[in-house]
Amino acid sequence: MRAAGLLAAVGVLLLICVASIMIGAKPVPLGDVWHGLFHNSGTGNDVLIQELRVPRTVLGVIVGVALGLSGAVMQALTRNPLAEPGLLGVNAGAAAAVVSAISFLGVTSLSGYVWFAFLGAAVVSVVVYVLGGSRSATPVRLALAGTAATAALYGYVNAVQLLDSAALDRLRFWTVGSLANADMATVRSVTPFIVVGVVLALLIARPLNAMEMGDDTARALGAHLNRTRAMGMVSVTLLCGAATAACGPIVFIGLMVPYLVRALTGPDMRWILPYAAVLSPVLLLGSDVLGRVVARPSELQVGIVTALVGGPVFIHLVRRKRMAQL
Amino acid sequence: MSTRTAKALRTPGGLSVRYEPRAAVAVVLLAVLTVAAGVVLIGSGDFPIAPGDVVATLLGDGTMAQEFIVEDLRLPRVLVAVLVGASLGLGGAVFQSVSRNPLGSPDVIGFGQGAAVGALTVIVLFGGSPTAVAGGAVVGGVVTGALIYLLAWKRGLHGFRLVLIGIGAAAMLTAVIHYLITKADLIDATRAVLWMTGTLDGRDWAQFWPLLAVCAVLVPLVLGHGRPLRMLEMGDDAAYALGVKVERTRLVLMGSAVLLVSAATAAAGPITFVSLSAPQLARRLTRSPGPNLAASALMGAALLLVADWAATNAFGERELPVGVVTGVVGGVYLLWLLVTERKAGRI
Amino acid sequence: MQQRLSAEAVTLAYEQRIIARDLSVRIPDNSFTVIVGPNACGKSTLLRALSRMLKPTEGRVLLDGQAIHSMPAKKVARTLGLLPQSSIAPDGITVADLVARGRYPHQGLLRQWSPEDERIVQESMDATGVGELGDRYVDELSGGQRQRVWIAMALAQQTPLLLLDEPTTYLDIQHQIDVLDLCAELHETQGRTLVAVLHDLNHAARYATHLIAVRGGEIVAEGPPSEVVTAELVERVFGLRCQVIDDPETGTPLIVPAARKTRARTPGAAAVGAARR
């Protein structure tokens, strides 16, 4: 049953990918898609597909996988349905590091950004986790620590942008979160990190199941708490850092998808993780396609669409919860 | 009874006012500090004036040049700073008290972003005048405030729910802000980012009078509701049992606070963290429970004056907008608050 | 029977969920009335309605012959006090200041603290045995002391009627008895009318002068515990088989649950199981 569902989800993902290749400022008919994918004859549509739409779609898929998995792992690690890399300041950390790199160190290439994004993401995720109360973290504490870090870091990002108007011009697009500037070089430079992150996440699915019942129970069941936690944090950092470096901060994907997936699969991480990995790119690419359609002839950046779609989901989640559980 | 508890001042006619000795001293001290910081700030700049001369000039005893600089250039800026700081401090105190959470202040839960969306819409989409931008900020702040309140309302208002919903709303509004900035051309974008940081540069009497009018109405209204607000801090049920009209009190206070914060934002941009930190610092100074409304307002004013002085003088040749200083200092303070509140087991 | 506080044919509901329909109840003057019943039977809801915290969707609650929801809030608060189940002591407040807040309904913007206020606050603290703690911070106190402080605050309100919503929850057994002794003393020496919701049926039977047993939003029985509390009633209200004997200390009814073997397959036990689910 759950396997069939997963297969169906993969089908939906393929459909969305095709839609993502077809839809845009210049629509491509379905018949040309196949041709363009495999035979670059140099005609307008073929070039468009190979140079723009395919990289954009591929990047959307891998970034979606990264965001969805990192959200699911983070929620399991913190036992907190509201844990989300974007809300917990990880993206802001990556953004602050990248801004510093651009403005002070003169880094201009993506392969340069990536390392700074990792550094920022790693530092901030540890700081927020510790400030949030590490093992005794409650959802409210974590969210507040994330907000505090985000506020302070974006304050810094704003200040840098003000003092350096060239950085502002480059950054104001990057800080939104967009797939629009995707190319195969970007895809190639982040893929290795994401692959490692995905493997790590899948490896800890079983111990995460145990940990969801509380540290003591997990220990009683023979799970290695510290090892799982460390692997989880490394995985989240790799996934978030790579995703943020590739297309800027995108919020709420990591919140929405695991939450919706849980309703489908129940609380078993061994199913949640694969489902999240397949459905997150569906949501991300779907949002991206939506952003291309609603604001024609220009487009809405995908980060804006996900925030606008995800905000209500988050608020719904908060309203639904009994406060005693928070 | 000892110094920890409140004292009373009574008249023969049977009227009485309750006060706490330490809090009263703190309020007086803060008022003195605000005035002193104001005088220093008026005196500093490219054309420095000694504090004594500033006072003399204000009393109508200065030279022509001094009078021009003090009364036409620097005094309005300082007065705007005082009112903005006081509004933010007072609004923050109300919000923290109503949400019963030090982090339930307007800048954490999305009002700043709401006001910013309003202002940026005017800047980017309509290229509006400064007055229109201010109007946009007020509308954006008030609409956001009403929406967050309605969404957080569910069989009573719960502080944590208000904070979390505010955080969600803030994330959405931030996305809108980013969208507006990417949509703008570089000149508008710079104007937008500058506005977003919050600055007192070039503030004059045109900003002062409307702000004064708003404060003249709302500050007494809020202070007058201070006693029922104290009762509210013990929980809705307890306040209700004591005869507080819970919903009405809360609505009046939140409405006033939203308006105060929006008006301040309209005048100077979203200056972050003053409404978060002023009430907290005030509380630590008075060591008194309860909203500490007057002390918070004065603390806000003093904080903003000091921050403005630092922004204009502490970085050598370079003048930074005051919002950068409050943003960085306040962000660090917020993190520190999280650590200490956690140790105290309050969050 | 005289009564200042009563509910007439009230329907009580939270949003769409109806808790009780067409419920009427009278609180006898100068009584220590205790409302008992199983979890989720509507006993706290009834107390909330009596204290105007919850507005009935139909019917009305009368205080001195007037509909309580149309009376001015402060006027009600001078007649009827309530100790809610959970209150929040503001950070860094002293005992004396917290108790002083009970005077709120008697004060005005320019009449904030009369000598009378001061005297009543001290008397309330003395009556609850926290007179010496005036300067202490409320956070520093033990659970039992804290509950006494809250009761002192409700006393300082100087209302002839006082409602208490589960005043003994979260307290150790000795503090529970402590608080109930205090309530009984207030009732006897000051002649106030007390209405309390209690969890423990034995406590209710021992301290109440008037007992109201509620089940499923309906009043099953009311009257003095010595007349009302029977094995049959306990089984009907709580679904528990038991014996009722005389309390060796006070002579009031004492409920002794039946042993496991005799209780095992009774319909009552099944009913409790069903209610839990």
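For clarity, chains are labelled A, B and C in written order, and residue numbers in each chain start from 1.
Convention: a residue touches a chain if its C-beta (ideal position, glycine included) is under 8 Å from a C-beta of that chain, and two chains touch if they have at least 3 such contacts.
Computed from a predicted structure; not experimentally measured.
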Chain pair that, of all pairs, has the most C-beta pairs in contact: A-B
Taking each chain's centre as the mean of its CA atoms, which one is most distant from chain A? C
Between the Cα centroids of chain A and chain C the separation in whole angstrom comes to 53
Length of the line joining the C-alpha centres of chain B and chain C, rounded to whole Å: 43
Taking each chain's centre as the mean of its CA atoms, how far is chain A from chain B in angstrom? 35
Spell out, as numbers or ranges, the residues of chain C touching 2 or more other chains. none
Per-residue overlap in chain B, given as positions that touch at least 2 other chains: none
Residues of chain C touching chain B in the complex: 14-15, 51-53, 73-78, 81-94, 96-98, 100-102, 104-105, 107, 109-115, 118, 134-135, 154, 157
So, in the complex, the side of chain B touching chain A is made of residues 103, 107-108, 151, 154, 158, 160-161, 163-165, 167-172, 174-176, 178-179, 181-182, 186, 189-190, 193-194, 196-197, 272-273, 320-321, 323-324, 327-328, 330-332, 334-335, 338-339, 342, 347
Spell out the part of chain B that touches chain C in their complex, as residue ranges. 1-2, 4-6, 8, 10, 14-18, 100, 155, 224, 227, 230-231, 233-235, 237-238, 240-245, 283, 287-290, 346
Residue set of chain A touching chain B in the complex reads 82, 86-87, 131-133, 138-141, 143-145, 147-149, 151-153, 155-156, 158-159, 161-162, 165, 168-169, 172-173, 175-176, 251-252, 300-301, 303-304, 307-308, 310-312, 314-315, 318-319, 323, 326
